[in-house]
Amino acid sequence: MLRVAVVGASGYIGGELLRLLLGHPRVTVTVATSGRHAGKRVDGPHPNLRGTTDLTFLDPGRLAAAKDQYDVLFLATPHKETMGRMPEYLSLADQVIDLSGDFRLRDPQVYERHYGVPHTAPELIPGFATGLPEWHRKEIRGSDRISVPGCMATAGVLALRPLSEAGLIHGEVQVDARTGSSGSGVSAGSANLHAERSGAMRIFAPNSHRHQAEITQATGLPVRMTATGVEAVRGVQVLCRVSLTDGADERAVRRAYREAYADEPFVRVVAQKRGLYRLPEPKILSGSNYCDVGFDIDEESRTALVVGALDNLVKGGSGNAVQCLNVRHGWPERLGLEFTGLHPN
Amino acid sequence: MLRVAVVGASGYIGGELLRLLLGHPRVTVTVATSGRHAGKRVDGPHPNLRGTTDLTFLDPGRLAAAKDQYDVLFLATPHKETMGRMPEYLSLADQVIDLSGDFRLRDPQVYERHYGVPHTAPELIPGFATGLPEWHRKEIRGSDRISVPGCMATAGVLALRPLSEAGLIHGEVQVDARTGSSGSGVSAGSANLHAERSGAMRIFAPNSHRHQAEITQATGLPVRMTATGVEAVRGVQVLCRVSLTDGADERAVRRAYREAYADEPFVRVVAQKRGLYRLPEPKILSGSNYCDVGFDIDEESRTALVVGALDNLVKGGSGNAVQCLNVRHGWPERLGLEFTGLHPN
Amino acid sequence: MLRVAVVGASGYIGGELLRLLLGHPRVTVTVATSGRHAGKRVDGPHPNLRGTTDLTFLDPGRLAAAKDQYDVLFLATPHKETMGRMPEYLSLADQVIDLSGDFRLRDPQVYERHYGVPHTAPELIPGFATGLPEWHRKEIRGSDRISVPGCMATAGVLALRPLSEAGLIHGEVQVDARTGSSGSGVSAGSANLHAERSGAMRIFAPNSHRHQAEITQATGLPVRMTATGVEAVRGVQVLCRVSLTDGADERAVRRAYREAYADEPFVRVVAQKRGLYRLPEPKILSGSNYCDVGFDIDEESRTALVVGALDNLVKGGSGNAVQCLNVRHGWPERLGLEFTGLHPN
Amino acid sequence: MLRVAVVGASGYIGGELLRLLLGHPRVTVTVATSGRHAGKRVDGPHPNLRGTTDLTFLDPGRLAAAKDQYDVLFLATPHKETMGRMPEYLSLADQVIDLSGDFRLRDPQVYERHYGVPHTAPELIPGFATGLPEWHRKEIRGSDRISVPGCMATAGVLALRPLSEAGLIHGEVQVDARTGSSGSGVSAGSANLHAERSGAMRIFAPNSHRHQAEITQATGLPVRMTATGVEAVRGVQVLCRVSLTDGADERAVRRAYREAYADEPFVRVVAQKRGLYRLPEPKILSGSNYCDVGFDIDEESRTALVVGALDNLVKGGSGNAVQCLNVRHGWPERLGLEFTGLHPN
């Protein structure tokens, strides 16, 4: 059994890592840190884990002292804070899988523009593989440092990249992203108060969102992104308006997706002519590691609406991280990630 | 125009007072206090008031200095804090309408049992009229001190009292109360985080709730109350299981309600044999000052389910307070409270 | 008192017309038709109207026989059906205010393209004024035939037109529209089943929606529109990505809105730098006749996100129709439309 | 591999059976019937199954002809219809697991009282084991005919029976049941329209619900049940007010639960003094086979609030049926039912 530690385990991403790793047949979770909950049971903040584990939280200050208890570190730690501690994390474990935003962007200047602070460990960036198996499987297999992409970025990249790689789209991409409330984490600011957030259509990033830099990095396309919080706890859906190149018709688009994803366990192409669920919708993806991608072509304007949907805490974070672990260790990629999602839900 | 001040005007009850009083044809709101938002526009925390008012919040420390600007004080201030300041409030204005819980219970010992602290101004309690016009209209007309009942209590009392007065019910009443999230106010604890509160069925008071003491006080019946937070922003619904006395049949029950409420502008009897909305439901009451009451008799067990529903911020608080103001001043009771509620909603 | 009839009064738009007209101080509702509910009380399908009216539904086949009972006809009748009956409707009343889609588009060929059937009464189209007071007040004042725009179109036109008129934007507009479930009406197809629709992000019109033709007609700009059903009962929000012309900066945009809407009772410009409600959000507009419009400029790309939000049943339909009635009769435009909306909600 | 057929596979219970059985390591689903969808893919009405199966629906009229393709029949067929066809079903397969209500009640007269029609196959009732492993494991092991209890009944029985068996409670039980919308199935009546059902607190059974007869049958206690639809897609929560016998204190109650459920894989006792999830809540149970049970004692009144919560489609139906299959075949009971539920959700 591979022994893993989850750092920052009391948040939503941390809780989801625990859920998946506790159910993983080749993994044992030995350490879960939380400053606020140190010494308390993990099934307190994560009541769905009742009956699954007796684990208690370790104070993060004791992570180093516990270093002989784990082989892999999962970091569910805040952006901006993680980079400063990365040298220590790297010294503690054989492998580090980082879910913060700090090592996603290759260019420290792009990082600074989107996160508002200079990158303090730029020399470490190149050592991280991009934790998106569909496009970086080989890299992940050979790397002990993996940086998992952002939730909206994952949906956008998986939806767009087959088309950009195949040369079927060009020019700027307009991305309209919608997200549930769990993406904001457990920090209880008034913006996340139920009475304020319920039924909201809150445009929290009208003209730019940091995940757009990740999409540009992955696809080479300029991206203009808008992000709105809508009524849901889990779920991200990105709508991308793209211009088609000559010859980019439905067959070509389907072929591009098929070539990219035919053997992928967690990407489904959903692009039907009719039906309630004809295009990707996060509602049926909660808890699953699927990213559904789809499209609808407008012949008249030679544009397409390209859509990606996922559970932000699973394929948009923790599930994707576990998939990376599976890839890294040469295990079947579905291991621990078999849940198919619910309907109705 | 009557000049009113709202103390504690940045919370949800305060905001609703502002909405109703700003729209009231015989009232002008001259002062709205808030410590946290002092100097800022009231339409910041209350964005629905944009275009309606240019009022800014006054620091509560300056309420006394502004005493010549208002005739009536509405108190949307916290339980336990209000009683200590009441002597001052009473010295500042001709009339005080208190929406806190501090002067609802006639017996200071009952207060202490339910609020966990001794009452610090018990001598003031008898001076307050109970702000429930349906049962205390005369008292309200003659009083300059009015204490508005709790939201669940209002629903319970309006549903039960016609039956208790008519001698149609006896014994202990089981009350199952459900409430939306706005009842918890703007304080952003993790219990009210959208991701935690959304879709919840949270039993926050399994065996006792302070509003039960108000129901007992008003009906003379012992009450056992359970309270659950369900998915809604506004809305309270109370289900009361009561034992019927001999001769209490449907006709008698209908008659009791009719006699109590036939001329009431804000109580509707909803007790139909079929239809989606055959019994009181808060969903269609948001924003309105109605309390719908209804019942369904079980002949076999000689019990009835008696139901009350209202918008906790309106008839369960601010709207009821405005109705009291109308009563006190001899104005038509519907003044400023004409909104009928929305369907669908 | 003006006597009005509502045709198609059992649906959601019809119910909202009844709510507003029954509360209107210069109107009396004398007729409300419904085939399915003929003879029954209007407060059956519209339970929020309990206590407000004793009106019963008239069979629509008896509308002509009742013609001496009303002066104005409001048509909340289905698209495609309405045009065939329009000659009769016009013969029955002095004034006809049509809420169907049949007389919105000036060009019958555009109608045919978007509604899928040829227009059967094209000769009547020019006789209808466009029922959007903000842009057609004079026309409405002089006309006895008014066609009220579509809900998404209203939000889009009110948000975009000041900018197109001022020459501040050019080129194609990308519109991302989100809508609540009430827009689908009371027809209970499986798409609108709660278990399917709850929490949905359903792209029901990926590349074209008929309301885009109305926006193009009003602004002269080509429009590409996507429409998604999100979790809400009421509410439409449209996000428009526009390209700015030279010199179109924040000041110019604000000026354009101010010039267009400074005196408008139902349009608020909501474009703040911070705050939860810094941009238009339908959540706080339920039941109100406001359309909030706002924008956020991206200097780098010389584009702006322009946003409109409204309650699809009020400013997006029934409320707007009542405002047109007020304009037509020279009454204060706020009459019967004073409700400000709720927060929280 | 055991070959199973699901009859009535296009509904919500049928879809959930497919989800669980397709993921079961010792089962292969060979037949899924649906009249309306015959010949079409099962992942049409059940979009969460995309990528999991290529199965198509069989016309139910061809079930007999396909009898050599399955060993076990799962019946997700309507109440009242199922009993008439049961003789045929029993002739087709070695084992029949029935999820309809027709064979739950032992006494045909009780059936008639609650279902409104006489039972047409009363002679078959005694042959069915009650499909609640926690209380009928031995019976299930030895039976080829299993009748799975109703969703609310399962929650109520699991919560109450340890206490009734231990003699800790007596007298009538007041049950307040709340349920999500998926319990109403895919039939799209107006009661289940999103705009009507969203945010509802709809008392659809004020004084009696057929599941109360099942609870009485299982516990020997008279039950008075009220049922309300609240905002949720999945989830049932039952609150039971019970009178405690002498000596029934917290320790005794905990001991009764422990003795009943210490080794049960799918029952968790949730009865904490504090915390958001201190009592059973369905919100975190979606998709899982857990039934959480808990209690809170009121010493003063010598009553307790006893609570059960589950996912109506899983432990309240399909999951429970799969657990019965596991019991019947001597397999580990968790097989195919490992999903722990999500938080937040």
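For reference, chains read A, B, C and D in written order, and residue numbers begin at 1 within each chain.
Convention: a contact is a pair of C-beta atoms (placed from the backbone, for glycine too) under 8 Å apart; a residue touches a chain by one contact, two chains touch by 3 or more.
Per UniProt, the chains are A, B, C, D = N-acetyl-gamma-glutamyl-phosphate reductase.
What you see is a predicted model, and the numbers here were worked out from it, not measured in a lab.
With contact taken as defined at the outset, subunit A and subunit D are each touched by B, C. When each chain is reduced to the average of its Cα atoms, D sits farthest from subunit C. When the C-beta contacts at B-C and at A-B are tallied, the pair with the greater total is B-C. If you average the Cα atoms of subunit B and of subunit D, the two centres end up 39 Å apart. Inter-chain spacing, taken between the CA centroids of subunit B and subunit C, is 35 Å.
For the pair subunit A and subunit B, the distance between C-alpha centroids works out to 45 Å. Counting only residues that touch two or more partner chains, subunit B has 12, 182, 190, 195-196, 198-199, 233, 276, 344-345. Touching subunit D in their complex are the following residues of subunit C: 12, 180-182, 184, 186, 188-190, 192-199, 233. Those residues of subunit C that touch subunit A in the complex are listed here as 172, 174, 176, 178, 190-191, 195-196, 198-203, 206-208, 224, 226, 228, 230-232, 235, 237, 239, 241, 276, 279, 281-283, 296-298, 301, 303-305, 307, 309, 344-345.
Interface of subunit D with subunit A (complex): residues 12, 15, 19, 23, 44, 46-52, 182, 233-234, 268, 270, 275-277, 284, 286-288, 290, 292, 338-345.
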